[in-house]
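Two complexes, one shared chain (subunit A), two partners (subunit B, subunit C).
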Partner chain A sequence: MAASIAQICVKNIRSFPLRQIDLVYQQTSCVCAFFSTSSPLSQPKKLKHVINYQRTHAEVARALRKKQNFLHHEMVDKHRASPLQSGTEQVSEKTGEAAPRDYRFVMPEFLPNPDFRYRDKILEKMERQDMLRRRAVIDIPEFYVGSIMAVTVSDPHSPGKTNRFVGICIDRGGRGLQAYFVLRNVVDGLGVEVMYEMYNPTVHSIQVLKLEKRLDEQLYYLRNAPLEHSTFSFDMQPVTLPRDAPVPVNTTKVKLNPKPWEYRWERFNLKGIEPLELTPKMEKGIKAHAKPWEDYDLMLKYRQKVNEDEEKSIMTEVFQENTRIEGERKSSRAVLRRKK
Partner chain B sequence: MASRTVLTLGARPLGLSHNLCGNLTTLTGLEWSSVCVQQVRYRRFPKFVVRPTTRRPWHVRKWTEKKDEFLDKSNEQFVREVIADKYAKTSSSPLKDGPWERNPYLRGTRRSGVLALKLGTLIHWKKDGTPFTVTVLQVLDNHVINYVPPEVYATYPSHCPHQGLRFGLQVVGSLSCDPRQFSKPYNNLFVKAGVPPKRWLTRFLVTPDAAIQPGTALNVNHFKVGDYVDTQGRTRDYGFQGVIKRWGMKGMPKSHGTTKSERKMGATGGGGDKDGIWKGKRMPGMMGNYLRTMYGLQICRINTRYNLLYVAGVGVPGLPHTFIRVSDTVLPRKQRTEDQMSSVAMPTWFEEDEEDPLPEEMFVDDVFQFTEPSLELEAEES
Partner chain C sequence: MALSMSSLSSQVAPIALRVATTCCCFSTSKTHYEIRNLARMRIVDNSAIGKAAAEIGKPPRVIHVYNKKNIGHLGDKVLVTVKGEMRRAYIVGLKQKQKANVPRMDTNNIVLVDDNGNPLGNRIHVPIPSCLRGKGGDLTKILSLATKFV
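And now, the complex of A and B:
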């Protein structure tokens, strides 16, 4: 700015007649003095609060909010992959034969926590590795809620040091090494439910006696149903399915006992129970507690699910490792048979 | 209102007194604009809460916003390669003088620690079937930056006089970065060690016999399986919180004539001799983001491939991806025994110490490994 004004002045001086020169000097003397003291490059005045956009989004966020001692997960991964880093290996993604599309329903416990704040690539990798190692030792078969299963666990207080329990799987949950399922059966006229951790080392064997699905994701309503629906013989023989057959869906509808119930089952939109006789009060409660907008809440669904690409890479790794484990198990069985 | 007005000059008190003795007329000749007329109230309680907004004047400025405007994309890539070449090639041997003398581990020795990243928690089982939680820490890209001997450290303001000349300072940094985003004085801190500038620095008090040469890389083998460590970090930042969340107070009933005081704290003090609000009264305020230490956690598993420490126990402070200072424990009951002392990596682990390469995974004896067969529990003898 100063330079341009000075140039204009010089031009004016040349063009003006001599009389006016004094006047021009008087007007521009101040500007000229400023020009002479400033640097030759005439840098613009530096702004104080300039954000360096060369930094990543995470770094900018960190600079704006002074959060000490904490690193965004993107930055952690960037540092792990940095060429300046040495001594620690990186997690490599597996390529090759991809898992079937519905494999996440077969192995739901391998999916990580969808909350990004609690996710870490290496931690998830190590947890998966431990789970697959355990799967190589004991056979954890494919099962669903509604399947009838038998579980043997080590029990120092039982006569044979092991305890076998048979029942219908009424719930399945947890992720990682903390995955669990709940079995229900009737023993001596009393409903019994046992929760088993799938990767607990005291579990000796998990066997699926009858592989099938039910119409609901949780069968806790069997607690308020007649006991015959949750009674299974401990001597039940396993039912074999033909190879590559789809998993059958059991569409039986259960008739619930009259009230009192453990929960207000009419509010759960259950498909596996016979239609209930609704009182006006029940209808009012259903209307008050319904959340019809959740079907259209795309962000809610997005937050509850792991990113599809990541899910695919995780499931590919699990699928390949699992097929390898099963192949080894088959070959070892063949060796045992030959030895006999 | 308890307050008083202080008249101070812009100059430091010492210089002021000197001037006063020399020439009194300078004081009388000063204008009012050079005098500070600011009210100074009594100091707040608690005195020493260090909030994250507190500046530390003795630290050099870390970040810079300067950038080279003449760089285009092709140059940018070239500069990155140069940086990687410079540091990745020299990292093999940054030690200009010969390696320092190595001493045996003795009873009073205190070694340096490492700066780890908290990854999260997992569940593990012992061989008697009991589950326990482990916290996974990753020792990523650690280097020793500096060592300050005790004689020099004794002149520092942070030196505690009762420690005498027992400890020196070991500065450790983690996570190498692009040097262009840091200021020049910050980058100069790393010139001596010959490592790229680090995102995070910390310092450990070490005895001189355990001093490590600057430029040495630290990794997970600094510790052994079964060691007890102290983990120190900042707890998660809750911000300004009320009295129920911050101090666990009860609040007040929701009904029966109560209005607008469900989550309030009730009375602040008594009457008579005990009247007034006592110092330390629990009130709403900033919660979290303080330094907390968990003492005496056992290392139950080590992964040398990804540099992971599995520390038994919950309560390692902070959310995942928080920086944690991990060092040998100071608890007297959990110190190493005489026979364990010979196997300690002193001052740290070097690759040339091991004849055979270390296994990828190392476990404590009583932790269940997932490759083992299922447990067969025995009844306890009554």
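And now, the complex of A and C:
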């Protein structure tokens, strides 16, 4: 008896398409079948419900079709549906549409670490899901280094329980849930910088007051520039860009204060500062620390970037999920408007 | 006046004169990012002694930090020398990298207090980190002087 069951199981495994999850499922059901010898089994019984994430749209539709002795989950859970939800059911748009090419600049935190030593695909996938779940709750807009932003965080000790800060984004980095950005402003003549984690649950809202880019990837040199370059009013009104307009690049050149500086800025090849007066010592330092061969190091460039196919698949996933969230938001807004 | 007189004579003289008259016209050490002994600070309240120290261009120096590690962080009490006097003060702003949502200032700021923990000045003219509001103790007296929180 047991031998025959085993044969059937093996046959089943062979006949099944080589999808990992299905295979695992079959194996577990096999094991269960061996132990349940008392039941008159002709075929291993499915004991556990395993979610197959790779099911196609058609397969899902087939599973949800009306059948005998089958109650649709919407009918069962009807009492749970909130009246706010009516009209919000969104038909998933599985168009297979790929993300636009510049999507990785819009949401660079979704890209994994290009260094293979720090890769963990399962962790990355789970973090991505968490990030998208967070993005469904708060609106994290598109922004770049050089944009002027306002962030509201919860602050248990302030009278209004929130704390708002406005400033220019001088840095952006981190991957996954640790993604962060740094805002800088001058308050009462003192330069203040605050680092915010984008997916920190204490963040209430992130608003872009002025969307623009600067010539450099990091603007830490504003610390050694006159204060007017990093002074922004806290009650600044948001500037709206026309739809589908390219992100403007602010090409202002900043004149740095005389030394001492925080870093040797002359060595950073900065584009957003006015040409410096170089002393012979500075020139010597630039020459000593320059790495001109890196422009021709193809391998280095390859290692510093995520594989293109992988990037495409990740960004497609993120893009589709984001469009779905956006669609849901729109429809819920429409419902609210109708209710009014 | 002494400077203008000497500048007539030669270019090198003014620096030499200032070095001779004041203790030192420029600092030979870098600003410490970590608040430990001899770190130079900035007094941000309007106490008379703080103003006088700023006028002669001699920043107060930390000579003791009242914790076990002897390294000061936001809200820690320190002992500083101001114009040759020992004064107690609280750290209310740091230049070093901070955690998320905690502001990092461009200068290392302190507010002077007397031995009972009462602030010497009656006004603070820079923003104070909002996270200090949860600390309690003598800091509440300082925070009541603050005009702005970030």
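Just so we're on the same page, the second predicted complex is superposed on the first by the 244 of 340 C-alpha atoms of A that agree within 3 Å, B and C clash if a C-alpha of one lies under 4 Å from a C-alpha of the other, contacts with A are read in each partner's own complex, and residues count from 1 in each chain.
The rule is short, and it goes like this: a contact is a pair of C-beta atoms (placed from the backbone, for glycine too) under 8 Å apart; a residue touches a chain by one contact, two chains touch by 3 or more.
Source: prediction; values computed, not measured.
Engineer: Which partner chains sit in contact with A:Leu123 here, subunit B, subunit C, both or neither? Use first/second/both/neither.
Structural biologist: In the superposition, A:Leu123 touches subunit B alone.
Engineer: Looking at A:Pro156 after the superposition, I want to know if it touches subunit B, subunit C, both of them or none. Which is it: first, second, both, neither?
Structural biologist: Both subunit B and subunit C are touched by A:Pro156.
Engineer: First (subunit B), second (subunit C), both or neither: which does A:Arg223 touch?
Structural biologist: Only subunit C; A:Arg223 stays clear of subunit B.
Engineer: Considering only touches as defined above, state whether A:Met195 meets subunit B (first), subunit C (second), both or neither.
Structural biologist: In the superposed model, A:Met195 contacts subunit C only, not subunit B.
Engineer: Which touches a greater number of subunit A residues, subunit B or subunit C?
Structural biologist: It is B that touches the greater number of subunit A residues.
Engineer: For A:Leu300 in the superposed arrangement: first (subunit B), second (subunit C), both or neither?
Structural biologist: neither
Engineer: In the overlaid three-chain picture, which partner chain does A:Leu276 touch, first (subunit B) or second (subunit C), both, or neither?
Structural biologist: Neither partner.
Engineer: Return first, second, both or neither, reflecting whether A:Val137 touches subunit B, subunit C, both chains, or no partner chain.
Structural biologist: first
Engineer: Under the stated touch criterion, which partner chain does A:Phe165 make contact with: subunit B (first), subunit C (second), both, or neither?
Structural biologist: Touch status of A:Phe165: second partner only.
Engineer: Is there a shared patch on subunit A that both subunit B and subunit C touch, and which residues make it up?
Structural biologist: In the superposed arrangement, which is not itself an observed complex, subunit A uses residues 155-157, 200, 202 for both subunit B and subunit C.
Engineer: Subunit B touches which residues of subunit A in the complex?
Structural biologist: 50-52, 54-55, 59, 63, 66-73, 76, 79-80, 82-89, 91, 117-120, 122-123, 126-127, 130-131, 133-134, 136-138, 154-157, 161, 176-178, 199-204
Engineer: Of all residues in subunit C, which touch subunit A in the complex?
Structural biologist: 30, 93, 97-107, 109, 125-127, 130-131, 133-134, 147-150
Engineer: Within the complex, which stretch of subunit B touches subunit A?
Structural biologist: Residues 52-53, 63-65, 67, 83-84, 87-88, 91, 117, 119-120, 122-125, 129, 131, 136, 138-141, 175-177, 180-181, 196, 199-200, 217, 219, 233-234, 237, 289, 303, 305-308, 318-323, 368, 370-380.
Engineer: In their shared complex, at which residues does subunit A touch subunit C?
Structural biologist: Against subunit C, subunit A makes touches at 153, 155-158, 163, 165, 180, 187-197, 200, 202, 223, 260.
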